[in-house]
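Both complexes shown next keep subunit A, but they swap its partner, so subunit B is in the first and subunit C is in the second.
Our next item is the complex of A and B:
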């Protein structure tokens, strides 16, 4: 799939900057924040900011994961199903009243997360099946396992798991941690962990290889890069980010659900695209996937304030995806006609 | 054209594999589950499989046209049609024509939107149709929010989709007719040649003067129309329309196409194989339900079957 780029265009006019996806996504984000601040009273209080971070964090984490996979030249349609699976595993391993099971649950679910990433990565990287179709297949594997563990939403969770949502809700917690949690919510820390992981990865060879493999798989292979391994690593990183989101979800809801993640799949991909990550791979910034996720979350908030029925939410997010992926292409078609 | 034995095997290898899989599955089911191999049970399996096969036809046409085509919006295109036409038909045969017209208009509009975005703007079809599915789902949700879906299918539709003639489900005659028409169109007419040509080699098709983009766009429109019409048959079969009535067919429709040996890169495929794929999946579902594994087992096994078959059929390893 070739895409026309105006990357090396000699004309350095304003349009070249303004129509860069990153720039426009920042402008849109600022506009969204202003609109929301106008609509919502006391938007800038700590309480409201914490509440927003909690509401936005899962999508942010999934969007960053989707960003990594898309940059590596893949696409993950199984993200939502994987998130659901992780919540099911967590709540199956944990036994209420036995705090130590929480630790086991985290270790086991982390292992499951690595395996999920490896299975996707083998399909995309080693077997070289088109990413969309192989992750479509794996999404049903995750759904099936999730339904085996949790036929209906529910399950047990240890009390201290609320740490990942709101430390103040855990009995007997140190007051200092409680105060800290009021200002810096755990959701923010999870997002920062994801950012940190990507920061480290992006400074290593692997980070550069992910971009190289995504922009041209054959060239990267010919330059001696183990493309399959790089794509597998991208899938594993994605899976770890989804795992972080699962910790937050179980902390918040204290239960697992084999279908709760489904709507997030498309929204995570949309966030990455809105954040300016090219679906053709190799271009964009994972941090801007975070910006994209914020934009989509604010859109949801504005829909809420505009009193539009919840029923329209899937409709609107579908429309946003189409506009978001069509706009850059349409612009390129337009500008190539000028030349 | 006379095919020698080995070429015949090479050409129909995947269909033969699908057929062997079905035979094995029925044999296994017959051994494990009592009553699995009775005539009624087999006919019932075929009836259920025919709906999957109809949705798989939508997928097949889009996939054969190439360009990484896939249509995830078939489920909600069918659901939306069923929900909208339920009240229009209102159990009257006189209103069936209106319902069919609605299905045709709706289906071609959805297909045109998919095709325009995927083909003319060259956006990834899977993302476009997934987004289209959530738009249609949103419309269905908005339409059904706070009200009951009233209306019943017209009696003719119910007879065609749900009833049997001498123990033989009528829908199988429909499927048979469609199979004949599709096979003739794909193999004996100019349209089939163009569709396969565009799918197998875009450049040669373009150089032969074929408007590749339009052909792919039309493939999406055909898929949309067929999905909408299948939605009509679904409401005929079920008697009522509800919010998620067709969403469970999307995954099997794609799996059936893969099992049936249609190349995901386009330009190759046979509808008979796709029907065999649908039958295989339905028999598999029945077996899993009979073993008490339910939904969880069904989706898990479907996912694994699809993954394994993809690693044989869709793997690109050999190019290096």
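Our next item is the complex of A and C:
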């Protein structure tokens, strides 16, 4: 009987958590929050927290998407370009003063997001082209379409789209929603939606197979898994997360820009890795990509508040990122020796 | 008990390029019985299993499963029909846990969510009989090869197959694990599961199987019903080798008179246990035995591939350290690996690059590569070995298998060779090229008075070219054959520990 309980209990006790490779990124994050709180006096006010969440949310969403793709054995270099494209599509479909166009825009852009994921997925999964090549190529396709729709930043947006940024800015909104939005900003809700989507997926076959395929594509195939389909689904999930980020961006800026997402691509991938997701696939937790994105975001904040001369800021942030990436690796090496 | 034929393979033929793997093979399996498949390396028994499960497609013949003709195109198709195979090259995913792997590809769902509780329960239930001490929440990457093999078996069994094919399942297992497996197989047989069991270990087949089919050169040469007939290992060995011995081409080479050049004492590494032997000058020493008994490891150990090795080695009376490849190369101990694609060659690079490459790793190599000088040397080597290539700049991958193997040999020629290690050098090489290659090696041995250690999975090569043959079993040298004793019969009998 003793034996049976031992076999069946999922590992939930503290010791097992401490020995998980992701643990070190959590420690780094806590350290960074403490440092920031010391440097920034009003850090723990609601206003400051909401501002931080708004600033971090797009990277968090893209990092979680990158995490899903990397775990499935892929890599997405087109995430930033896809984000830009979605903002362009949204602001092209919407007409100022016609609220209903906002609904059309969301539906059409969602369809575009699914297609973006499917195209990447076909290249990676079915055509078996190296993911770096596929998504490098598609990033230019997304950029091209984006520039076609919106050669210069701009475009129109319906007023209620500010819902996705700050409900207080929408005229005539119910006061209760307005109050709610002050405490729980829409950006946080978008991140929670992404977390919920992954929570559901991770409980299904698709979630299990994403890990199996990323860990060993051939053996997963030999076990009867349709590996191409799994990789395609991973790309689609990623694309949906990027779509959520696009809603936030257009809500915030009321305009589209075919190039605005570019700097986020590599930051999203770096976030996933800082969060302990292995670039080789199959290992890591999508939720910890969120932690990784927070770490990368806090790096910039700390440098800003630490009064480091502007000339050194980029250099210092690079060094901190290296430490953040190296720490989980060193931790992994150490704990695997203990085994 | 009425025994029901569940699977019948009739007149199966299979060719790989010009090589015939199965000429005209028949096999029959019965409900609730364990059928052993026996045969020497390359006799076609693995090919047969792979054709039944749809890994390969047969070139001729038919397979009848439960009375109807089937032709599976993939293992998953066969699995849907209740035929499961335990692969030698494992199908596990390292980053998932044991129980996740056992149900992989056949997960049960409750609604849209995975039913993890029933998966854990099922895994615990199966493993309780095979390896109760294994923690099912461990990741497969943390398991040892034996445990992985057990998980692989559990995975195949979890889908309740009616025909279970076990291809050398015991090779990675320890004695106790083998015992558990056999008990489990007997329980499965009682439930009516038919099984095909292949193993090189004759005693295992005699212990667990109800009947056995023996393969030789792609044909089934005998079937034995162990319930009715006596278990006679000598007879089985004679079926495996074939009674009629081919006439030997050449007379035995003259006896070796040289003194000891290499003395290995108490070599221990991995599966190698206390390996000790001596090699004489001008001798061709064979290493034989069943596949995977540590022969390849021994060759690599002598070539310095394992940093953590423990061994006392003396070359010409002088102590040598075998912990780095460069040490072995400096002493003139050179390895010609068998898996030329993986270990010996840069396939996309030119013949020239491949042949001069080892020189560059030596100390005191000039900073700039003297290409002109090397090109001349290389052309000479290509000439001597009659490597068929348009120019020395042709990529090695454009050459035929035999010529590729010659390049592997050729790259060591400019060195002073004391001991040449050949690890299955003629694997996958056609007969003509094989004879050329060996003739060249024999000539070199005489001309340069060097010594050779030859591991060959084909016993014929050992019989034809070796002065002495060491037989390995589970990482140890169990027998040394000399002179007249070297024949395919004795090699196989000693390999299977019958004699």
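In this text, the second predicted complex is superposed on the first by the 285 of 339 C-alpha atoms of A that agree within 3 Å, B and C clash if a C-alpha of one lies under 4 Å from a C-alpha of the other, contacts with A are read in each partner's own complex, and residues count from 1 in each chain.
The rule is short, and it goes like this: a residue touches a chain if its C-beta (ideal position, glycine included) is under 8 Å from a C-beta of that chain, and two chains touch if they have at least 3 such contacts.
Here the structure is a predicted model, which is why all the values come from computation and not from measurement.
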After the superposition on A, what does A:104 contact: first (subunit B), second (subunit C), both or neither?
neither
Can A:305 be said to touch subunit B (first), subunit C (second), both, or neither?
neither
Between subunit B and subunit C, whom does A:199 touch in the aligned arrangement: first, second, both, or neither?
neither
Applying the document's definition of touch, where does A:133 land relative to subunit B and subunit C: first, second, both, or neither?
first
Quick one: name whichever of subunit B and subunit C touches more residues of subunit A.
B
Quick check on the superposed pair: does A:269 touch subunit B, subunit C, both, or neither? Answer first, second, both or neither.
first
Quick one: is A:148 in contact with subunit B, with subunit C, with both, or with neither? Answer first, second, both or neither.
first
With the touch criterion stated at the top, can you tell me which subunit A residues are shared between the subunit B interface and the subunit C interface?
3
What residues on subunit A touch subunit B, complex-wise?
1, 3, 75, 77, 123, 126-130, 132-134, 136-148, 151, 221, 263, 266, 269-270, 279, 309, 311-319, 321-322, 325-326, 329-330, 333
Which residues, counting only subunit C, touch subunit A once they are in their complex?
75-76, 79, 87, 90-96, 100, 104-107, 109, 112-114, 117, 120-121, 124, 132, 135-137, 142, 155
Subunit C-facing residues of subunit A, complex
3-4, 6-8, 10-11, 203-205, 207-208, 211-212, 214-216, 219-220, 222-225, 282-283, 339
Tell me, which parts of subunit B touch subunit A in their complex?
68, 70, 117, 121-124, 126-128, 130-139, 141-142, 145, 251, 254-255, 258, 264, 294-304, 306-307, 310-311, 314-317, 319-320
